[in-house]
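Naming follows writing order (A, B, C, D, E, F, G and H), and every chain is counted from residue 1.
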Amino acid sequence: MDNDSLKARILEIVPEAQQEENKQYLTILVPAAKLHDLALKMKSTTDLAFDYLICLSGVDYGKQLAVVYHINSILQKHTVVIKVKTDDRINPSFDTVSDIWRTAEFHEREAYDMFGIRFNNHPDLRRIFLEEDWKGYPLRKDYVDEVNIVEF
Amino acid sequence: MTFNIYDFTSFNRWIDEGLNSIMSPTWALITEMAIIGIVFLLFYAIVGLFLVYAERKVCAFMQNRVGPNRVGPYGIFQTIADFIKLLMKELVYIKDSDKLLFNIAPFIVIIASFMALSAVPFAKGLHAIDFDIGILYVIAVSSLGVVGILLAGWSSNNKYSLIGAMRSGAQIVSYELSVGLSLLTIIVLAGTMQFSEIVEMQRNGWFIFKGHIPAIIAFIVFLIASTAETNRGPFDLAEAESELTAGFHTEYSGIKFAFFFLAEYMNMFLVASIAATVFWGGWMPFHVSGWAGFNTIMDYIPPLVWYFGKTAFIIWLMMLFKWTFPRLRIDQLLTLEWKYLLPINLVNILFMAFLVLMHWHF
Amino acid sequence: MTNNQFMFLVFSVVIVVFSLLTVTSRRILRAATFLLFVLVSTSGLYFLLRFNFLAAIQLTLYAGGIVVLIIFSILLTSHISEKLAVPPVTKRIYAAIAAIAGAVLCILTILQTQFVQKTLDPARVHIRTIGEGMLSTGKYGYALPFEVISVLLLAAMIGSIILAKKRKD
Amino acid sequence: MKEKDFRDNETLELFKRSGGNVLMTSIDAVIDWGRSNSVWPLTFATSCCGIEMMATGASRHDFARFGIEVYRASPRQADVIVVAGTIVNKMAPVLKRLYDQMSEPRYVIAMGACAVSGGPFYYNSYHVVRGVDQIIPVDVYIPGCPPRPEALLYGIMQLQRKIKLETITRPEESMIMGRK
Amino acid sequence: MSAESLILFFIVGAFLVGIALLFSSLVPPTSTNSQKAEAYECGIPTEGITWLQFNVGYYLFAIIFLVFDVETVFIFPWAIMMKSMGMTAFIEIIIFFFVLGVGLLYAWKKGALKWE
Amino acid sequence: MKEIINLPVSKIEEEEYHINMGPQHPSTHGVLRLLVSLQGEIVKSLKPHCGYIHRGIEKMCEKDTYPQVIHLTDRMDYLSAHINNHAVCLLVEKALEIEVPERVKYIRTIMDELTRIQSHQLWWSSFGMDLGGLTCFFYGLRDREMILDIWEETTGSRFLQSYNCPGGVMQDIHPNFQKKVHAFIKTFKKKIKDYDRILSGNVIFENRSQGVGILSKEDAISYGVTGPSGRGSGWSCDIRKIEPYSMYGQVHFNEVLRYECDTYSRYMVRMQEMHESMNIIEQLIDNIPAGDHSAKMKAVIKLPAGEYFQRVESARGELDVYVVSDGNKTPYRMKFRTPSFTNLGVLDHISRGMKIADLVAIGASLDLVIPDIDR
Amino acid sequence: MFEGVPVHWFLVLATTMFFIGIYGFLVRKNLITMLMSLELILNSVCINFVAFNKILFPEHLEGMFFTLFIIAVAAAEASVAIAIIINIYRRLVNIDVEKMNEMKY
Amino acid sequence: MNSFFRYFSDIFHGVKSLLIGMSVTGRYFFSPGQIVTQQYPENRKNLQMFERFKGEVIMLHDINNQHRCNGCGICENNCPNGSIEIISARITGEDGKSKRIIDKHIYHLGMCTFCGLCVKNCPSNALGFGNEFEHAVFDRSKLNKVLNQPGSSIIKGVE
C-alpha cells in the first residue's frame, strides 16, 4: 500500500491523527489515548497487517516526551512511523503495546529506563540497564549527574 | 644376581631376601612396604604431572598450537610450576560449608585412585598386589571415588557444586555397571580375574584378537564407559564449564582443587592401564602364533615399554575423544548408558559365553 | 602381638569409633560418611581373613552402592545447614542403658563359651572355590539361591520403581 | 626477551626498593618461578577486549605457551583476573566481589583503554567506571583498544617479572608493590 | 601381603593429601574480607539457601544401579567358572540374565530410564 | 504400603529454585545475567538482567559529531563493527543526499561480508565451546585470524577499525587486499568442511540441538527476532534483500532460510550464510572500480533537521539507526535498534521447559553479543 | 584360630557394633539415620558369620555365602527402604518418624 | 520392528559421525606442519607489523628533531574521547610578531581508541601511527606521553 492510502486508512481509525513531515516514511502523530486501539487494529486488519514492530524509541523533544514506533508489515511491505507525545514530564505514561508485539516489552523497558516513560499494563516494567535505585533518566535532555558524568 | 628388565620376579625375591637377611622379618616387611609406598608415591606424582602435561601438549597439537613451551625444554616443567603454584595458594573456606566433609572429599578421591593403582601389573613381577580377584578389586575400590565427589558437591554449600555432584554421582554409578560388565566379558573368556594370569594367558594372542567380535565390542564399550566414569569429556557434565562454572569443585582452591584434578588424570591412567592389561595384553609383547622369529624380536622389547606404549595409546584415544566431541546432555548421557551400552553389554556377555562354550575363540 | 592381632585391633577400633559417631553425629551426611568408614574397615577385616572376594563385594555393594544410595537420598532430602534434632535426654539414657545392658550380657555369654577352633587354615579361599560353590547344585551348592537372588532383585527393582516413579496425580 | 627491552623498568626498580631490599632466597626463587609460570586466568571478559583475549588464547598466539591456557571459571582457582573490557557502575560490585573471592596470591591485569582509564567512555558517560584501579588494585596496565594479542602477551610477561619480585618471608612487603 | 599392603596404600594416599593440605593451609599468604567466604555464584550474592529442590531423576538411577550392581557382582563367580563348567553354567546364566532382562525391560517400559 | 502410596501429595516437586547464570559466566559470552528458575534441571522461566555493560552510548552520541560517533558504534557490536559503521554512514549520506563513489560501495560491501564471516566464525567457535567441543573454539579463531590480517593490512586495526567514515572510507584498500581475500576464500572453503565434519554432522551435536529451543515464525516476528535466528524460523527478514543498500541490490545471493525452527536450524543458517557471504565477495572482489575512496565532504557535517532511519543487516540481525537531528553537528537523539537486544527478548520464551544444558545451546544459537544489548 | 586372633575378639566386636546399631535405631528419629543404624546391625551379623566360617569351619564356605546373600538382600532392602523414604518425603516433606505420625491423621 | 532397526542404524550412524569427527582432530594432531602459532617473544626480532598498524599515535619528527605541529588544536577537537591535550605557548618570532607554537602535545595512550581522526584531520600532517605495541606498564601515569620530543621545534614553513 502506498503512503497516501495508508494515511487514509489510519485516519479512518483515528481521525485525530496528524501527519508529520518526513522524507522517508509516513509519519503520523496520534493522541496517546488512541494508541493501543490503533496498534491493535493495525496488526489485526488484513490489508494493514503491521505484524513487525521494528523499533520503539523514546525521544525527548525538550518540552515533550515522545515515543516513536517504526512498524512494518512483512506481507504488505509497507512501513509507517507512529508517534505519540506527552507534555507531562513528571509522570509521562502511554499504553503498552507489548501485548500486540512482544518485542515491545524490552523496548518499553528501555524507554522507561532512559526517559522515565511509564507504560500502562506492561507486564514487567522495571529498569532494564541501570540499577533499580538509579536516580533520574539519563537520556532526558535535562538530566544532570555531577557524580558520574565528566563533561568533555 | 642379574637384573633382568624382562622379568622382575627375581629382582623382587632378591630385595626380599636381602632385606630379610639383614633385619627381622617384621622390620623387613615394614621396610619393604616403605619402599613400595615411596615408589608408588613417586610414580603417582610423576604420572600425574606427566599426564597433565601430555594432555596439554596433545590438545595443543590437535588445535594447531604448540602448547606449553617456555618452562624447560618443550615446556616439560610446566606442570611442576603449576604444582608449586597450587601448593602455594591460599585455601579458601566457605561460610556454612561442612568443613570436615569439605576436607575429607579430596582424601577419598585420591585414596580411591591410589589404592586401585596398587593392583596394576606393570611388568612381569612388577606389581604391588596380585589378587585373585584383581579386576573386581579395582572396580570395588574405584567405586568409592564417587563418594568423594558427592561429598565435595554437597559440603561446598554452592548450587553449582550440588548440581554438579548430583550429575556426576548419577553418571559415575551408571557407567560403573558398563565398566564392570565389559570387563566381565573378558573374564568369561579368560576364566580368571587375576591380572597376572590374565596377562599370562595372552602370551599367544591378546584378548582383543582372541575374542574377536565380542571382545572388540566389549573394548569399545569399556572405552566409552570408562571415559564417562572418569568424568572426562565428552562426559564432563559434572564440571561442565559452560553450564556450571566448575561443577562440584567450584569452591575448591589451591592444592585441594589440584587433588581433584590429579585424581581425574590418575583415574584416566588407571582405566587405560586396565584396558591395556585386559584387552591388549598388558606388558605382553605382540605375538603371532607360528611366527617364531617375529615373536623373539618382539620379546626383545622390554615389557615396560609395551605396557606404557599401550597405555599411552589408550590415553591418547581418550584425549582424542575429549578434544573432539561436544558434551552430552544429562538425559542423553543416561540414555546412552541404560538404553544402549547396558543392553548391548548383556547380550555381548551371552555372546561371549556362547563363544567360549563352542570354543570359537582362537 | 602378631601382625594379625594388631591389624584386627586397628580395624576394630576404627569400626567401633565410627559406628558410635554414625549414631551420634548430628549432621546427617557426616553420619553417612562415618558409616562408609565403618563399612570400608569391615571390608578390611574381611581382607584380613583372606576372604578377598567377600571383601571386594562388601566394598562394591555396601560402600560403593548402598552408601552412595543413602548419600543420594540425603542430598535429596536435607539441606546443608540442617542439623538433626537432639533426642531427649531420657530417651537417650534409656536407649543407652538398654544397649549397654544387652551388649554386656552378650559379651559375657560369648566370653564364657568355648568354641572349638580349628587350626586347619586353608591358605586362602580361591575365587574358583566360590564359583564352584555358587554354581553347583549339590550339597554346599548355591545354584538355587543364586537364581533366587535374581528374582529377589527383580522384585526389589519393580517395587522401588513403583514407589519412586513420579505419578501424575 | 632481555630485561632492557622491557618498558617501565623504573617502576619495577621502585618496587624492588620499596620492598625494603628483602633478600631473595632460593626458596623464593623457586616459588616465584612456579607462580610466574602458571598464572591461570579467570574467564572474565566484558566486551571487545575479551575477544582479543580469546584470540590470544587461540592457536595463532597461544597463551598456552606461557602455561596460561588453564582458564578457570571459578575465582577460587584463578590467579589472575584479566579485566578485559569496560567496567560499568553496575558491574563494579560484581568485579569487586569476584576479586575478593579469589584466593591469594591474586593479580589483576587491566587490559584495554576501558580498564585502564575508561577509554572511549571517559567523557560524557554516566555509567562507566573510569579505570578499574578505582575498584581493585591493578598490577599491570595494557593500553590499546583493544590491545593486540602480542600486547597482552607482553603484559603477561610484565606481570611475570613483577611476580618474580615477591618473597614469602615477608609477604606484607611484596604486597606493597602497587597495592594498598 | 594383601590386607597389610592395602593399609599401606591407604596410608600413603592419606599421607600425600594430608601433608599437602597441612602445608598449604599454613604457608601460603592469606587474606580475609567480607566476601571471600561467601558462596560463589557468578559474582552475585546467592539467593536463599543452597537447596536443590527435590529431583527424583537422579535418584531413580541410583536405585536401579544398586540392583544391577548386585547382579553384576554375582556374575563374577560365574564368569570365572564359565570356561570350566560349560553347559550348566551357560544355562544358569541364561536364566539369570532372563530375569535381569525382564527387570531392565520393565524399567524401560515404566519410563524409569528416562531422565526427567 | 497402601497408605504410603496414597499419602497426600505435597508440592515439593513443583517447587522452584533460582540460580544465577552470569554476570561472570562462561556461557553468557560476557556479562549478561540470567536469573533462571529451575525445577530440577528444567528451566521454568528466566529473567535476563542486562546492563552490566551499559555504557550509555546513545547519550554519548548526542555529544559527539557524526564522524566521532563511528568509534562508538564500533564498540557496540564489536563483532560486526564494519556493519555498524556502515549504518551510521549510510544514514548520514542519505540525510545529506550524498552519492558515494562506486568504489566505496564495493569496499563497504566486501568489508561487511568479511565481517559477517568473521562474526559467524567466532560464533561457531563459541557455540562449539559452549557445547563442550573445545577444539571448535580453536579452529574457528584460527581461521578468523586470516580475516583479521586482511583488515589489519588495510585499516590498521584488527577488528575495531573505525574504517568507514561519512562519505566513504578512511583509507583506500591496501594493494594486497584482493590477493589476500582470494587466498582467504580458497583456504576457508576447505576449512569450513572441517567445521561440518567436527560439529555439524556429529551425532552428539545433532541430539543436543535438534528440537531444542523451538521458535515459531509467528513468535519470531512478534518478538522481532531477526537475522540468522529469525531466518532459522523461516522468516525472510534479510534487510539486504528487503531494502538493499550499497552493492546488495546488484549481487546475486540467496537468502538462507530454514524451517525447522530449532537450534539446529539456526546453526545451519549461519553455516550456509558463510558460504553465501563468500559467494558475494567473489562476485565483487575482482570488479572493484577505480575511483576515490571517499566522497567530498564538508569539514563539519551537519544533518538538516529532521528524522532519519536506516536499516542494515548486521551479522546478528537487523540493525537500525534512528536519528533525530536539529540541524547541529551533533545528533539530537540517536537510537540504535540492535539485533541482540531484541533477540534476547525471546530467550525466556523459547527456553522454557528445556534443560539447563539446552539453555546454553539456545543462548549460543541466538548469538548474543552483550555490549550490543546494553549499548 | 586365625593366626592368633581368637574368635571371641570377633564376636565382641560384632556385639558392640550390633548394640551401637540398636542404640542408634532407638534414638534416631530420622528415617535415613535409622536405616543407617540398621546397616550397622546387618554388618555386625556379617562379621559374625565370616568369623565363624573362617575360624570354626574353615573347610566349608557357608558363612561366607550367607554373608554374600545377606549383602545382596541388604542391598535390595536398602533400595526399597529408600524408595519408601523418598516417597514419604515427597508427600510429607519430612522424614521424621514422630512428625510423620502427627501428619498422618 | 521398525524402531528395532532404527535402534541399530542410529548406533551405526552415530559411531560413523564420531569417527569422522575424530579423523579431523587426529589429522591435525599428526600434521604439526599446520601449526599456526607465532611464538611472540621469541620472534620479536622479525615480527613485522603491517605498515598501517595503529599501535600508538606519534608525532613525526625528522632527523633534525623537527616536527610539523603548529599547535592548532584541531586534533584535540577531533578526538572523540579527549586523548589529546594541546598546551601551546606564545613566542615572539623573528619578525617580532607573537605567535602560537606547541609547548606540549600531550597524548593519553591509556585512553586512545585509535580511531584515526586526529591523524586524518591534522592540517599539517604532523601526526602518524607508530607500530609499537609493547606498552604494558606497572604505573598508569607512564601512559601519558608528550608527543613532541624534548627540544624539538617546528619545521620552517609549515605554519
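Brief remarks on what is shown
Keep in mind that, in the parts below, a residue touches a chain if its C-beta (ideal position, glycine included) is under 8 Å from a C-beta of that chain, and two chains touch if they have at least 3 such contacts.
Treat the numbers as computed from the prediction; the structure is a model and nothing was measured.
Between chain E and chain H, the least number of touching-chain steps is 2. Chain pairs C-G and B-H differ in how many C-beta pairs they share in contact, with the greater number at C-G. Between the Cα centres of chain D and chain G there is a gap of 57 Å.
Here the spacing of chain E and chain G, counted between their Cα centres, is 21 Å.
Note: centroid distance chain B to chain G, computed from Cα atoms, is 33 Å.
Mean C-alpha positions place chain B and chain E at a centre distance of 16 Å. Shown for chain D are the residues in touch with two or more other chains, namely 43, 58-60, 62, 65, 73-74, 76, 90, 94, 98, 101, 103-105, 120-127, 145, 148, 168. Across the assembly, chain F contributes residues 4-5, 9, 12-13, 17, 19, 23-26, 41, 51, 54, 56, 59, 63-64, 71-72, 75, 135, 138-139, 142, 145, 160, 198-199, 202, 204 that each touch 2 or more other chains.
In chain H, the positions touching at least two other chains are 18, 21, 24-25, 35-37, 39, 80-82, 113-114.
By the touch criterion stated above, chain H contacts chain D in their complex at residues 35-41, 44, 47, 55, 80-82, 108-114, 133-140, 142-143. Within the complex, the chain A residues that touch chain D are 129-131, 138, 143, 145, 148-152. Those residues of chain F whose C-beta lies close enough to touch chain B in the complex are 17, 19, 25-27, 41, 128-136, 138-139, 142, 198-199, 202, 204-205, 207-208, 355-360. Of all residues in chain G, those touching chain E in their complex are 71-72, 75-76, 78-79, 82-83, 86, 89-90.
Residues of chain F touching chain D in their complex: 23-26, 30-31, 51-57, 59-60, 63-64, 71-72, 75, 78-79, 122, 125, 137-139, 141-142, 144-145, 148, 158-160, 370-371.
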